[in-house]
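Order of writing sets the chain letters: A, B and C. Residues in each chain are counted from 1.
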Amino acid sequence: MTEASTNMRLKLPIVCFILQIILIILFGVLVEYDYETDAKKWHNKNHTDYDNDFYYRYPSFQDVHVMIFIGFGFLMTFLQRYGFSSVGFNFLTAAFALQWATLMQGFFHGMHGGKIHIGVESMINADFCTGSVLISFGAVLGKTSPIQLLVMALFEVTLFAVNEFILLSALGARDAGGSMTIHTFGAYFGLVVARVLYRPNLDKSKHRNSSVYHSDLFAMIGTVFLWMFWPSFNSAITAHGDDQHRTAMNTYYSLAACTLATYGMSALTAHDGKLDMVHIQNAALAGGVAAGTAGEMMLTPFGSMIVGFLAGIISVLGFKFLSPILEEKLKIQDTCGVHNLHGLPGILGAIVGAVTAALATSDTYGEGMGDVFPDVASGDIEASFQGVRQAISLAVTLGIALLGGLIVGFIMKLPVFGAPPDTICYEDSVYWEVPGAEEGHEDQLTTVMSAETEKLNS
Amino acid sequence: MTEASTNMRLKLPIVCFILQIILIILFGVLVEYDYETDAKKWHNKNHTDYDNDFYYRYPSFQDVHVMIFIGFGFLMTFLQRYGFSSVGFNFLTAAFALQWATLMQGFFHGMHGGKIHIGVESMINADFCTGSVLISFGAVLGKTSPIQLLVMALFEVTLFAVNEFILLSALGARDAGGSMTIHTFGAYFGLVVARVLYRPNLDKSKHRNSSVYHSDLFAMIGTVFLWMFWPSFNSAITAHGDDQHRTAMNTYYSLAACTLATYGMSALTAHDGKLDMVHIQNAALAGGVAAGTAGEMMLTPFGSMIVGFLAGIISVLGFKFLSPILEEKLKIQDTCGVHNLHGLPGILGAIVGAVTAALATSDTYGEGMGDVFPDVASGDIEASFQGVRQAISLAVTLGIALLGGLIVGFIMKLPVFGAPPDTICYEDSVYWEVPGAEEGHEDQLTTVMSAETEKLNS
Amino acid sequence: MTEASTNMRLKLPIVCFILQIILIILFGVLVEYDYETDAKKWHNKNHTDYDNDFYYRYPSFQDVHVMIFIGFGFLMTFLQRYGFSSVGFNFLTAAFALQWATLMQGFFHGMHGGKIHIGVESMINADFCTGSVLISFGAVLGKTSPIQLLVMALFEVTLFAVNEFILLSALGARDAGGSMTIHTFGAYFGLVVARVLYRPNLDKSKHRNSSVYHSDLFAMIGTVFLWMFWPSFNSAITAHGDDQHRTAMNTYYSLAACTLATYGMSALTAHDGKLDMVHIQNAALAGGVAAGTAGEMMLTPFGSMIVGFLAGIISVLGFKFLSPILEEKLKIQDTCGVHNLHGLPGILGAIVGAVTAALATSDTYGEGMGDVFPDVASGDIEASFQGVRQAISLAVTLGIALLGGLIVGFIMKLPVFGAPPDTICYEDSVYWEVPGAEEGHEDQLTTVMSAETEKLNS
């Protein structure tokens, strides 16, 4: 890595422009309005305006959209000197990923005469896939250049679409809120990437790998928006009617129970019985992750609360005991602890989903079985076999995530992408014009930072 | 109070876990999906998917949810060293209260064969009840432990449900946006609790009972989200169609008028003609509170604007002249001034509701009378008697709030709940691991705080 | 300008109260519920509750509302010492403008028997008009008193309604997302006002005309909410069904493409290849502006991405090369760079709209033509003439904005409105009680500021 490699003057424009132009060309060739967004097709059919899926899904889409851009973006602003990059690279990466995901998911989920037909459901799915990339971003936060993130997004979106296709289409699994496809996949993919990008001398940036008072408050904006809108996330693409309704409600109670577990565990495990912001910011969300697969099923609020409660406990324990092991023994420097928020709760969610599916009976679901488990409803398979499908799906997801992360990690390691040196990780001023922290202090801080980065770039 | 009493290591986990486990058990025994969230029941009936109440109410629910968690949470971050607790205890208390409220409200609002049936309307009502607890939290902000808050929530939710039952079911009052049930109840309950918890030596923490520049900006996030989504709050559980539509619109204009009144009054009453952030953050919201009862009625935008205008004036005057009296004469240390934002405007809203109800004519409401005043529409009572019902409801609410707050205040005063001493009120580091305010300053600030709290805990 | 002129003690209350009382009276005389918000009228008709426009538009309205109050408000908090004013004056100005806009738009868009009928669409339109005023506010940010802003809003709303009437009603142009009516109008109006209010000695406040680290993060809250909800903005008042759906989707892809262009251009043009927060906060939004007119048309995602891509490039180039010229040669001190975010992209959007309209064929639109181009569908005009209408509309908008801004600028310049002197621009403490920046620093900072403003007011 040459010293000037972090200079983005030419690299970033070239990458952004090439990617965007390719996207535009591919959209021009491949993408069409679906019948609900096309003026001619929609008016050709006989229906009322409410039939348009827009009214069923757009409010959910907007909530998901907030989770992706505000939720993930601000959740990562907890670092004291990495707020610009957290929100800003989240923004850039997501803006690219959602376009690319539209193409990849359209490609795998069925072309119509060589064309990809898109509407609000495509937008939600694109945001979902983007969420997976942002989870992986959390594992490598502070240690990657924006170009590395775009490269990661390029490959991860592709593999996400492959995995999603295998799970939902080939295996016939159910995963409306993405415990497997989004959370487990994104977390383990990111963890392996972090392993490949292991930095033995990261200690040199240790003093910046922590929060300050107001950065923790900014992060709570992210946390709370994620928490509030998770019911919309899990229910965004479930079937109309009782299914969306039930999924949102299950997730609501799962999250509430998770929050109490998180506060209890945080006080129990943290220093001097004091609450730890890291736990509150992250573990309180595990209930949403863990309800991602079974949320649309007849899990009941009672079941949802048990799941959320366990997820909160597991997640805090992960932060307390597992993260240090991952870092010291496995050399995985997981900046945001995505293993504890998305990895473990994602696996829990997959298992809960498999068990809940296996226990489905027509006595419980009635005519509604067709919405949730169409193959069980049609008599093609037994509910227990649906449970097996779900379990296999978890294994497939882990396999693709681990293998994919390994390969993509090595690609990202190529020295041309402008990664920051070990001495200036978790630091905005590598890639951003940064003002001072406060009026009057400006000169002093800027001077220090400029000196440090000038050494690097000149 | 022993010196180590603020240590939460065992207390908080025990309380959180016991409460959550009891909740889970009660949900397992008592709670069922209603027919709109149950796969079997929903598919048994003959209807279209839009008939599902989810599509009428879920967008409103999400707005209310944002008000509860972002709105109330960030509104209280104005204190310079209490941001973690403001957002964090708001989060914990609300996550508990909404679960407990589901049970209590379900219990009082009609069991179905020994079961509580829940759907999106239950979720909104649970959030509403939670809002009431958070209003009371505002009165005691900075002076209570998280355990005290959970204890308060436990009892306040119960009393809220009793009061709500008396008002809406027994007395037949209307209060869709909760001027009485939520705001008046929450404010006076909290004020009495604050009176019981009176701290004669609170002066010792006086230097922390103020804002800093950025904490006031964080608080504005809360204010503005509350302001924007109040139309959704007041209309969330009104009848479908014109009622939701009208309520949202009335609230919108009431808030706008209130805002101009607030700015005018703030400049008029504050130091040197300068605007006071306390007024803007709080009084500008009084128009939403005051439109809580009459918002669904044919109040007209004209009437709504008058109500909002008066609410803004009253609220600023309350901050300027009444709050000091409450503190000095009545020994009520109302941290957030909830009396001015929720108490006075809540009473105003109740009175406006009573008058508007008494003046209802079939000439104005036509066939729509049945939605707003079913007993008047059916001919059982005169409109004027509906007004009397509303007035009695205000009195009942005040009675239950004052008496309930008194009893619950004494329970909260028990020395086992870990309240902070007078010297360290309004201070996060009692219950939280707190980083420094800014890079570099970290050590210095942490040292000061650690020293102070070590004295306490060791 | 006398030294004490910035004292708001009497001026602001008088202005707020007079304006609000006039509004109340006019609402009392002129405004009525429309048939969807009126209890009697709604229940007189035969329809289902979903038919109520509330369910089609209220979620979009709420997103627009967030853009107006959080989006614009926080976007402008980037200045280090002007956060209270940015959010607070945005709040005040918008609360006034939306009431006044209801009247003005109601007046021009058709009275019903001498009455203005209002519902959710009026609320959206009022917010739209308010948005235009807030754009102009961006041009004069930091240099105006709250009274000047109210005066500006009073006249600008009126002229907005005139221009909108000419475009949409007289000329038959289409502009659902307001590339012309909102963005071009608001930007050029504001720029001319800024020109008239030119301050030759503004250098004296130069040290405050910049950001600090956390103020840039607050601004990103505004940016991201604007970005996320722009699809709702552009689609909020388009026709039900495919039109709302298509408009939201076009805007979504336009913004994504714009974001990549912005990051690329920012690295290319900024200092040392480092990203500039000013670009990210602003130019990334240009894709929403530029899709404002053509978004509802059959622009295709492909076309939308090209538009967004160009908008991002133009906007960054504007910040880099044009803003300095505007300031030095044309004496336009455009604080927020609204010319680059709203002016240039607004013109681009108008042109794209004209071209897209001119190219409309019944082969593409089918029966849906009537929703988008009713006069073309009815055979009254050719599509190419619709394009001409659009082009004329741009010219009319520019004319009214420039002339209107000139006149209103001179009115605002009257010395009675309490504008800050050149030495204390971009400074909250002129109009606000301001606490210190941080615990401990409080006294020091407050002392400095107090001394400075005391000199002024005493």
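We adopt the following convention: a contact is a pair of C-beta atoms (placed from the backbone, for glycine too) under 8 Å apart; a residue touches a chain by one contact, two chains touch by 3 or more.
No experiment lies behind these values; they were computed from the predicted model shown.
The two copies, chain B and chain C, are related by a rotation of 120°, based on C-alpha atoms and rounded to the nearest 5.
Different-residue interface: chain A and chain B share under half of the residue numbers found at their contact.
Centroid to centroid, with C-alpha atoms defining each point, chain A and chain B lie 33 Å apart. Each of the following residues of chain B touches two or more other chains: 50, 55, 59, 214, 221, 437-438.
Against chain B, the residues of chain C that register as touching in their complex are 7-17, 19-20, 23-24, 27-28, 31-33, 36-44, 49-50, 52-55, 58-59, 62, 65-66, 69-70, 73-74, 77, 83-84, 87-88, 91-92, 95-96, 98-99, 102, 118-120, 123, 146, 214, 218, 221, 429, 431-439, 442, 457. Contact residues of chain A toward chain B in the complex are 50, 55-56, 59, 63, 80-81, 208, 210-214, 216-217, 220-221, 224-225, 227-229, 231-232, 240-246, 248-249, 252-253, 255-257, 259-261, 263-265, 267-268, 270-277, 280, 284, 298, 300-302, 305-306, 309, 363-369, 371-372, 437-438, 445.
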